Structure formats: structure tokens, C-alpha cells
């Protein structure tokens, strides 16, 4: 795959600044690495060629859902599932409509998720990607429903599924109990999907927290995470109140999760597609030589 | 001494007045029986007024009331000596914040589990304030597997403010444990009845909340986030829990309207903590009726019924 | 159940002295508690009335398999399965035949296991008991085969099963690889038994170690253990060489296993039968009210 | 420098002699080609003599030889770049003493796992000398579940002196983990091939040893107890491992005779560590043939075949 132009379709949006503390130098040409102990200015074109990974420290800049799909899928093969689900405001929650409008304007997305199908290294797969830049990628009714429907589509097509989480927001507060129930809905949908016998792969990107980590993002057959991604049940603020043990340096990161056996691999962005392609290829290979079918 | 919530103060005042009058009478004072009768009328009127007009925030207080019956009290009340508590996740430890085992309720064998809170300081620490660790959910999964094997119905009692988020629980995969517990529960082919008895606190609650029939006590709450946390995010002020409680629609009535809860179990006047025996028996009746209904379904129907139920949850336009 | 005479059928054999360090005072009337920090002399008749539990310190004296069956089963209901399996010497192992003869003479048993069925609090159940006093209750071909057959009998009869381990010897060295394979055989037999949907209960008594703990003794739906029972993968001697962490006071005991979530309850001998009876009664109850049958 | 076992010394001596002669010739000395040819004949004769008459104790040394190919080398040799290693038990940690993942071997997709040893000190410590902790067996169980879900055959490579028995492994249930791993393996409805490549050390080995077809390398050993431990019990002298090795009948031939192992994979002259590529390719051929045969069986037949196989193991009179 020619990597030079892979980002061209998604240019213009620089994504969120996940760890920003350093001052940003506004520039069309340069972007500063937000890693505190780095802070290097990166030539934007080069950064995009490097898949938005800092060439000095390896910091993985956030990707939008579209960028993520371009990263993972074979060029030109993505076909979005148009479920046409429109976000409601079932609780009449204070400021929810305005918040949605703001994020829609900012991101150009209608919701925090994109779903569809395409090829990965030549193997057909379904894919869902949640996008941190839309309301922290939080899971509401539409996000949960989209995942459930995509799982049902994938099961019917006997296709493997890739679930990419950029869901730092967990279950979305603004839809109250209905967001919480999406945890159960997506877990149940995965349980049903698994009966079809196809591979599920979860990719945890920065951030993946709360109700999303505690549902579909932890239930893949294989779980990969990008280096340095924040991955945890609760965010720092909430937890600070209740901590008695001193947390380790890498607490609630991909590396911490790996050390504790929760994820299969911490995979740099440059190797992500290839790793997934190998997994899909093995799991989708003609199994007749190996197996009697049920 | 009983804990008195702020909105209960008028009731508490009248009760003390009645007590004073009774003591007066008992000590051979003047006949105040008329005054007592009047005060008792007042009490009923004030109680009815207060408890039929509780704000969501009042309900949060009620749901958290430490005198409410807790899971082991429900089990003791319903299963008596038949209950055999099982312990341990067979992996790492035993989490006292989720209890469970085999029990016979109204002559029906069941697997029952739920969050466990306590009242005294030592007990509350032992129970980790009802906040379950990974081992708790993994013990619940063990019990679900046993229910599936023995073809026994599952009864899950929810009462937790949140799952434990200590360093240890993160390290041992609290997220994975909650996710796997929901996953397992979704795949059971036996009847599953869930009852929110007190606090239905976010992921910690839904972790054992995937049932065919979901009931909720009248003054219980069920929420995606604690109101204080919600207020802190919305208004940068965690003292505005009362406003957030309204916004979150976390009462039993709200939960029914949102299509999440199927049935509300009424509490005695003044709440479950006033008449534990009565509310336990109400819970038993409702549970028995629910299991009677579900027993008509085949394993595949139970699986599909539960799946369709949760599959429908959520609001969006198409 | 009248407890006074429950031991009369099994009198005469005082069992092994598990922890003996103190001198024994030979006496027909008294037995000394082998618990080092106790050492009290117990009037034998009283000790038997107390189910062979020291009235001062609670030390659980070992029971023979026959005593165990008398303890757990309703009086007069035990019916032994006569599989008539005779121990072989497939390896021609040094001293094995002599060792077997010695233990046969000492215990009056042919092998380290008794199997059969009976009632527990009125509920029908199959039962296997391994006896520490016969070659440390170690598992050889006959022990493994007896457990597998009993599981098959129980599955066919749709009866719950109680597996009592007094297997301090783990897999029996003298039959080499064949003993090791009994671990797999019994695990496989339990896997198959579980498909019948009946309850299995394991009771761990002093000692339960090695290949037995690492197979059938850890696979019951419910696992109970007697207080103070030594329960562990390896014995002290082997482990001493490799330990770097300092073991806790109660390392490799029933209580240690309980603390770490491996067993359901530490149950004093006096409550064992009642606990099992309740479990069997619940699991065997007419489930028609509760369940549609598959 | 290569490790030289005591019984290999005569071979080593002749090899050094040949090397000396060759160096002499290379430096322009007298023509010693006849002497070299003779020495090479000697070498073959001595090698054949030694390796066809290894004592059980020699085989124990061979099986433990640190230059033997280890699990990841077999996988790399057979699966090449297709192998994706998976990590973690999703409960507590990742155990480097058991490795595994998805792989394609001769175009056939499989789940493969096995004990992992290492050669250098750091690597050996990292791999805990191939002694698996509970997390290793639980990772294997995860992989078995994945094989069952994806309908892929399972390949298990055994090479461990024993399971880990540290305080931590006892605390986290090494016994439970081994038992559950055998239990899960027994219940698989996909083909399972087991290969003892080096040390088949007691519970640590059988924990991942429940297969439809069980193969063993010519110089591998499979035993209920390490010979030294056996000697310590029998004769209170752990230096008599050689005697105990005879008594335990732990060679590949013994294991076949006892009805435990189905097939012996021959090693190159001098052992697997002399020609790793050759032995890996032999293992591949035997594995492929075994999976070809097993692929004819239905899921239920595979389950029954494995059950009957282990059900038959054991010797007794009736």
C-alpha cells in the first residue's frame, strides 16, 4: 500500500489534542507533539506520512474515524452502512441538543461512530470506529444500536468484525439509563455474533474508558491497543478520591493493560493493519483442510 | 439511632411528639389519647404527602439509606435456611461486595446473587461499600455457569453505587469482568430476574443486570452516572446533585418510561427501611410471579426474549 | 441423626497421625491431639462422639474412607460399587507390590478409594472417597478408573456426585505415566458428567495435594474443605527449593485456598453433612416450577 | 560453545580429532584425507552406537538439552510470518512460560500453544525456566475457546520440567488452572494434536496434554515425577536419578508401550539440537499427517475419540 497519500482524503482536521499542555504554535505547516517530554515541532506533511506518529518520541496523535478507516482498510474498499439513525434527546437533557450541534459542526460527523465494511489485506470484514473528537466518542443509543446492527450484518455475512474504540467518554451521560443499557446491548450482540464463529478484533485507541471498555471493547477475541493509549475503567479525576494504593507510572494505559493480561498486543500504528490482516487471513482461510464443519 | 433524611424531618418530628405523649400517658399523666390520635392522623397525612412527592434527589437519598434491606437480608427473608452461600472466583479471591449461592425460594430452587452493602463501619469496609471488584463479577459468572448447568433460574439483586476502581481492580480487569458478566448473562438459557433494590449505579449495576424481567423498588434509582458526578461535569459543581438527579431521570418511574424496567415493586409508606419484612415479602411475591411467567418459555425463547429486550433499548429516529 | 453411635461401625482403626510430632501415649482409652500448640489427651469415646474433632483446639483428626462415608451418608444407605478393579504393576516398579501388601494389611482396604451410592439427608448421590491412610490416598490407575466409572454411573442415574479427597499423595509415582494420565481421565470424565447437568461437590480433607488437587478435586461445582486441611499443589519439601517469596502462616491450607477464592467454604466436620444435604436438596429439587426443560 | 552431555563425550572427542586433522590439511600439512575419512567413519559408528543405546537417564539429559528447539522455534519454522502471538489471560497477567496464538501451518489455520524455555540466563528467567503459572494455563484455555469458536484445530507443544509452584502460583490457583485446562481441552470438538518435544514434566505437562493424537520426539521424556524427586522418595537420595529414570519408564518407547503416546517422531542422529531445521520439518510432516487424518472426524467423533482414548489409559485387572 502506498502510504504517501493515504491521509489525503481526510486532510484538514487535525484531531483533538489529547494531552496538550504545551502551547500550540498555530501553523498550517507544523504541529507540535503534545507529549510533555517531547514537544518537538513536526512538519505536518511528514507527520501525515508517518501516520500521525511523532518521529521523535513515538506519540500517537489521535485519528478521526475517517482517518482510521483509511489506515486500516484497503484503499477504496470501504462501504458505509447507512443505518440512518438520528440521535434523539429522550431525557430532554440540559444542553444536549446544543452540544450535539456543536460537535456536528466541529467534526462534520452526525454521531461518534462510523460503521461499514471493506477489505483488510484482501479479506472482507465489518468495521465500527468510534471517534473521540465527537463528544469524546461516548456511547449513546445510536452508537450502541450501530454496533449491534453491524454485528448482526457481519454475522449474517459470516464476516469477521473490527471494533475500534476511541471512546474516552464511556457511556454518554446525556441519554442517561439508555446509554448505560447500550453496554448490555452491545455485549449481548457480541455474544450472539460469536455463535456465528467469526473472529472479532477490538482496537483500543486513546482514550478508551468506562462503559465502552467495560462492554464491547473488552470482548473481542483479540484485543490490540496503540502505544500510550489511555485505557481504563475510570478517569483520573474520579479515581483520585478513592485511591489508597499508589498507582504505577503507566497506570491506565495500553501498556498497563498488557502487563496485566487484559490485551493481546500493544501494536504501533504502523503495524496495525498488517497484524489485523494476518489475523483475518488465518481466521478466514479455507478451513476445510483443517476441520470437519459442524 | 435511626438515620433521618432531611425530607423525613417533619415525620420524625411528629413521631417524637407521639412518643412524648405516650410517655406522658404511661407515666400516669393526663389523658392525651385524643392528642395522640390526632398526631397519628397528622403522621399518616404528612407521610403520604412527602412520600408521594419525593424529588429524584430525595429518591437518591432513599436508595442509599443504610437501613434499607440489603441483599443477604432479602435472601434470608425469602430463602431462610435453605441458602448456601458460595465463595470465590476460582482465580484470585472472594469479593464480599457480591454475594451469592444456591437457595430455595417458595419451594423453587434458584441461583441468587447480588451486591452486598453493610451498616456498621467495619461491615461497610469489609463489603467495600458494595463496590464490587473483578472477583465479584467473576464469582457471579461462576454462579451463572452453575445455573446454566443445573437448569436453575437466576435472581440478581442490584444495589451498588459503582464498581470498585482501585488500582488493584483496574489491574485485575474490572472492565473485562463487567463486560464478561453481561456477556455471560446475555447467553443464559434459563430465566433471569433482576431486581434493583437500592442503588443501580452505572457499570457496576448493569454488570449483573441483564435479565428477562427487570424490577425496581419504588424508591430505588438506576443511573448511568452518580448525580454528583454528573453535576461536576455539567456545572463544575458536585453539590448540585439535586439538579442532576432531575436531569438524569433515574427514578423507577423514569426507568419504566425509558423502557428499561418492567415492573415497580411498591415500598411501604416511608420506604423499605421502615418495614423491611413487608418489602421483602413484596419482592418475594413479585419474584415468584415473574418466575412463574418465565417458566413457560423454552431455553431458546428465554435467550431470544432477553436479547430482544435489550436489543430494543435506546431512543433514536430512523 | 443420632450422632452417638455413628462411628461404631468403623471403630478400632485410629487413622494416621497427620502432624504427629508429640509423643503418643499408647492407650486404648486416650488419644493425644497432634496439634503442636494443643497436645491435649482426649478420651477416645468422647473424641469419636465429637466426630474426631479435638474439643479443645478444633483439630480435625483424619477419617478413614469408611468413617467418612458413615459421616456423610444416611445410616445404612451406602451401597458400594463393586467394580472389582485389581491394582496392577505395569512398570514393575521397585517395591510397589510389597508396598501395596503392606497398606492392604494395615488398612484392610484393597486400594485408596471407596465408591458407591447412598442417601444424604434423603437425597440420592454417588460418592467416591480417597483415603490418606492407603499410600497417602494417591491416584493410580484403579483410583482414576473408579472415579471415572462412578461419574459415568452417576450421569446415567442422573445423580449428583460427592468426591471426597484425602489424596495427599497426588498422582501415584509407582504407576508412572499411567498415574499422571488419571488426571486427564478424571478431568475428562467430569467434563462429560457435567453435560448431564447434575451437581458435583468436592470435599477436600487433610491432605489434598498435587495431581489430585490439580484434577478432579478442583473441578467440583462446589468445593468444601475441612478446617486446617493441607491443600496445595506441591508439598513443603519440593517447594522449599524454589521459594523466593515468604509464604504466609496458613500457606497451602484450606483457609489459604478460601482466602484466594479457590474453594467455596471451609466447613467444620460437624456441619459437613448438613451443608451437603442442603446443596443436594436444592439442586435435586423438582425444577419444573422454575424451568422449562431443554 | 555447545553443551556436551557426558555420554556425548566420545563423539565430541572424535569431532575434535577430525577438526584438528582438517586444520592440519588446510594449513598445507601432509595429506591426512585417509585419516579424516576413517575418523568420520568412526564418528558415524560411535554416534549410532551411542544414540541407539541411550539409557533413560541419558534421554532425560537429551530432553533437557538447552540447545533443543523450543516452542517458538517450532512455530517459526512451521508457520513463518503467519504466526500472531496472543497474550494474556484476561484475568491477571501474561505468562511468558506458555506462548500461543493463531498460525497457518502448511496452509492450514491452527491455534498453537506450548511451553516456552530459553537458552540465555535472562531469557530463562523471563520464561520462568518453562514452568508455567496459572496465567499460562488460563491463556491456553482462552486459546482453546478461540479454536472452538473459529473451528480451528489445536496444536499443543509440551516442554516443561514442572508447573510453577511459587507462593504466587499457589495463591492464584495453579492446581485449578491445570485442572480447568485439561477439562476444557477434553471438551473441545476440534482436532487436538499434542507433541512432547522435550520434557513432559508431570502436571505441568498434562495440563495442556489432552489430545486426539499424541506424539513424542524420540529423545523426549514424559513422567509423573522428575527422576531426582522419585529417587529422593524411594532411596532418600536425589543423586540416583539414573536409577529412578529406569524405574519410571519415561522414554518415548515406554510411553507408547504404556498406551499413552501414539507416535514417535525420529530425531536426527545426535538429537534434535544437532539439526533443528530437520527435526522441525519432521514435526511438521507428522503434524500435517495427523491433522489430515483427524479432519475426517466430526465434532462429536473428535470429542468421543479423545474421551475414549484417555478413558482407556491405565492398567488394572478385572
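Going by the order they are written in, the chains are A, B, C and D; count residues from 1 in each one.
Quick note on the criterion: contacts are C-beta pairs under 8 Å (C-beta built on N, C-alpha and C of every residue); 3 or more make two chains touch, one makes a residue touch a chain.
Just so it is clear, the structure is predicted and the values come from calculations on it, not from any experiment.
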{"item": "Result of counting contacting C-beta pairs for B-C and C-D, higher pair", "value": "C-D"}
{"item": "Rounded Å distance, chain A centre to chain B centre (Cα mean)", "value": "34"}
{"item": "Rounded Å distance between chain A and chain D, as computed from the means of their C-alpha atoms", "value": "41"}
{"item": "Junction residues of chain B - those touching two or more other chains", "value": "90-92, 172-173, 176, 180"}
{"item": "In chain A, residues with contacts to at least two other chains", "value": "218, 260-262"}
{"item": "Chains that touch, pairwise", "value": "A-B, A-D, B-C, B-D, C-D"}
{"item": "Contacting residues of chain A [partner chain D, same complex]", "value": "194, 197-199, 218, 221-222, 258-265, 275, 278-279, 281-283, 285, 287, 289-294"}
{"item": "Chain C-touching residues of chain B, taken from the complex the two chains share", "value": "81-82, 84-94, 102-104, 107-110, 135, 139, 146, 149-153, 189-191, 291-292, 295-299, 301-302"}
{"item": "Residues of chain D touching chain B in the complex", "value": "90-92, 134, 138, 172-173, 176, 180"}
{"item": "Residues of chain C that touch chain D when the two form their complex", "value": "83-88, 90-91, 93-95, 140-142, 144-145, 148, 171-173, 175-185, 187-192, 210-211, 213-219, 232-234, 238-239, 242-248, 251-252, 256, 260-262"}
{"item": "List of chain D residues in touch with chain C within their complex", "value": "163, 165-176, 178-180, 182-184, 186-187, 202-203, 205-207, 209-210, 222-225, 229-230, 233-234, 247-250, 254-255, 258, 260, 306-307, 310-311, 313-318"}
